Amino acid sequence: MILKNNYSKTFSLIVGVLLLLLCMGISIVYGYANTSIQTTYESFIHFNNSNEHIIIQNVRIPRALIASCVGASLAITGVLMQTLTKNPLASPGILGINAGAGFAVVFAMIFFHISGLQSFAWIAFLGAAIAALSVYAISFSGRDAVTPVKITLAGAAISALFASFTQGLLATNEAELEQVLFWLAGSVQGRKLEILLSVLPYLIIGWIAAIVISPKMNILALGDDVARGLGLRLGLMKILVGLIVIFLAGGAVAIAGPIGFIGIVVPHFARKFVGTDHRWLIPMAALLGGILLLLADVAARYIIMPQEVPVGVMTAMIGTPFFIYLARKGGKK
Amino acid sequence: MKNVKTIRLFQQKISFLLDVQAMKKLLVISFLTLAVFFLSASFGDSFINPLKVLQTIFGQGSDFDRLIIIDFRMPRIFIAMFAGMALAVAGAVLQGIIKNPLASPDIIGISAGGGAAVVGFLAIFSDSNHSLTVSIEWMPLAGFIGATVVGFFVYLFAWKDGVTPNRLVLIGISVSALMQAITTMLMIIGPIYQASEANKWITGSVKSADWNQVQIVVPLILILLLVTFFITRQLNVQELGDDTAAGLGQSVQKTRLYLILLCCCLVASAISFAGAIGFVGLMAPHIARRIVGSSFGVLVPTSAAIGALLVMIADIIGRTAFSPLEVPAGVFTAAIGAPYFIYLLFRNPNK
Amino acid sequence: MTESLLTKSLTLSYGDSNIIEDLNLSIPLNEITVLIGANGCGKSTLLRSIARLLKPKKGSVLLDGEDIFKLSTKQVAKNLSILPQAPVAPEGLTVLQLVKQGRFPYQSWRQQWTEKDEEIVLNALKATGTDHLQDRPVDELSGGQRQRAWIAMTLAQDTDIILLDEPTTYLDLTHQIEVLDLLFELNQQQKRTIIMVLHDINLACRYADHIITVRDRGVYRQGKPEEIMTTELVSHVFDLECQMTSDPIFGTPLCIPYGKGRNIS
């Protein structure tokens, strides 16, 4: 790790917070409609119903807040999943969360004719939870305990299953495809503040819980046998982590749809800076996740202006080269 | 040595050791596959008596029956069968290289690359009226090119003093995700019929099969299967591990390149006409292994037969179960495949 | 019949650091040679290079005067066979199927089972005592049986020289002796040259005709165990203080390390 002692780590967290705020600012100010810092400031002080002010208040600020919260949540779940499954390339997606959410939304749309982002949110949450619980159930049954490999594989299976069903449903229902396509790609655009606020309590619970268990995560990282030997209640711990992941990743996908790669890549960066002590790692990852998603979102606005690329696609495009780099760096294996 | 039969011809210019039991099982399965091949022509919007089906195929039978069986159903059954064979064999080959029984061609990005190319094709060759400027018959070629190009790049990225199985898998997965993201993006930006068309392809469907396609697919896949036959003994050695293989005198990296190339071509051929049907490359070799063991000489044909069975049956179900709606075969290969995947986890708790 | 196996100015490296530097070594033929040394000293690296698995940074490995990296892998495979560390057999592969693979360098796509192949494979199974196991899956055998099956494969390869990288490391004592006894017999009866890396100094002394100690990027001393194994050598090569005595059964050098433990003498 680059930062070795507690002072530099604390300092870096502070820098992280400042960077996050800066990125939020950038996200608010820059975009298709021309605004400036001045205008932003004024929209708070002297709101005058002009187009710019409306855009800033109702579109940009919610978007920036959502991106920060979603990015942070995804990054935290990435850290938790990677430690839980001892797989440095794990992410919330592997618990089938994204796929389960997608399937639930499509299913609801087609069979219950539900539409609208707010409703999508709760259905997505439900789908994510069901997928994650099935994965856990599968891993817990069978002949022996929940091993990291089992979780990974069960997740891959559930993901693929839901993804196929989703595709199948869409293949036979063209109209719904149009409605849901954008959502399925993952985006922070077009969401109202209300959506964020309704899910926020769950996110906050998740964040606090993650920070509270971070010392225990350090022990979990040593391996099941060692952890048990040190007195950690392994089964309970794993269930707890699962719940936190459901809250955070489920909440994230509920708001923004499935967004990938943040959960995989951000923990690696965070680890580079502050090492593997989860008490520093989790906050750092949260900050970096928020920053990354904010920046990706800004980029998504500019790349094919005036159209917007869904941020989920953006993260895939940025994330893949990094992932390839990580995989190659893995050394002689 | 029991259960084996030695075959030596032409003063030992040709010599083989055959596993008799395995061959018997292969014969039974091949017979089953053939039976399903003929039977599937009976199923569809209307059920046609199998006897009538046979009559029609051999020249007799009414014009109407001929229309349904020969013009509509047979092409798609052919494509289902050959796509199934190609995907299964590709899966067997890949599992030999990656030495992980959970490896499948879907994960190294080939299928996803094909998907992106297909959507790209639809996006590029559309005019402002949202209709295709070139015939949709070129779409399979786009899929084929996309699949092979992406496969090539995945191999390239995974190459660092040679290609290790782990790197191949990891990079394949991420490139696959990237391709899927690009596909989604193209689907969003473009008009909706494109997205729908592309989505059908991605799920995997043989609905739009016709005899032109069959004429291309069948010889292509047969040639590739023949190549695989010649390469099986190299596969057996690859499976023993890089060091052992080198110690036995194999040019490990060169052989691996050829095998991956073969795999790419097999998958690309299958998916360009049948769409990205998933799980076949995973399930078929597995089931085959449980029946005939690990020697590739007999594993490859058995996987092919089982792959053909899987896709044909999935297509039958897709055509009949939700009549008159047609559900793409890919949905059912997933519906069978994912639970099977999970079942594998129960059987091998420490894998 | 192989006449000579030697290295010439051999330098091996991983990345930037040299593991073996400028080594000139001649391996005695028709004998059992054991490479010993501390962890990470380069003995496995050296073995792998001789096996044509690791390309030298400089210098060469010469088989009958020819650089093995200039020869094709198939050519070399007819003279050298290797059993790598902890080999893994594919799921469900039977012993017979595994041993058959040993004939790979001599076969082609149309000739996969000549009479000679059959004879050699059957002899290999017999020599390793695995013929009653031939239809059983390799992954179901015990550690010792599994190693014997792999050794049978190298025997089927019918090479003058067999290289083994830590063939006994994951085995319990019974199976260690089982495998080493087999190798000893193969050398005695078939005069095959055996070169292996072992961790256990005492077993090395018991079975080896020739010991090569690897240290400081090269060879420290080599020769007959009873001639070179001294407390001074063990101290230098392993950083271990010991007392050398004679094995009460075989008379070969026996190393007893100093340290803690119940002293009841």
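Note that the chains take the letters A, B and C in the order they are written out, and that residue 1 is the start of every chain.
In this section, contacts are C-beta pairs under 8 Å (C-beta built on N, C-alpha and C of every residue); 3 or more make two chains touch, one makes a residue touch a chain.
Note that the structure is predicted; figures quoted are calculated from it, not measured.
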Next item on the list: Determine, using the mean of C-alpha atoms as each chain's centre, which chain is farthest from subunit A.
Entry: C
Notebook entry, point to check: Using CA atom means as chain centres, which chain is nearest the centre of all the protein shown?
Noted result: B
Item checked: Highest C-beta pair count, chain pair -> A-B
Next item on the list: With chain centres taken as the means of their Cα atoms, state the distance from subunit A to subunit B in Å.
Entry: 34
Check: How big is the gap, in whole Å, between where the Cα atoms of subunit B centre and where those of subunit C centre?
Finding: 43
Note to self: Centroid from C-alpha atoms only, then distance subunit A to subunit C, rounded to Å. What do you get?
What the structure shows: 51
Check: For subunit A, which residues are shared contacts with two or more other chains?
Finding: 332
Checklist line | Partner subunit C, residues of subunit B touching it in the complex | finding: 1-4, 6-8, 12-17, 96, 99, 101, 230, 233, 236-237, 239-241, 243-244, 246-251, 289, 293-295
Check: Which positions of subunit B touch subunit A when the two form their complex?
Finding: 102, 157-158, 160, 164, 166-167, 170-171, 174-175, 177-178, 180-182, 184-185, 187-189, 192-193, 195-196, 199-200, 202-203, 205, 278-279, 325-328, 330-331, 333-335, 337-339, 341-342, 345-346, 349-351
Notebook entry, point to check: If you look only at subunit C, which of its residues touch subunit B in the complex?
Noted result: 48, 51-53, 72-78, 80-84, 87-94, 96-98, 100-102, 104-105, 107, 109-115, 117-118, 122, 134-135, 154, 157, 163
Item checked: Parts of subunit A lying in touch with subunit B, wherever the complex brings them together -> 89, 138, 141-144, 147, 149-150, 153-154, 156-158, 160-161, 163-165, 167-168, 170-172, 174, 177-178, 181-182, 184-185, 260-261, 304, 307, 309-310, 312-313, 315-317, 319-320, 323-324, 327-328, 330, 332-333
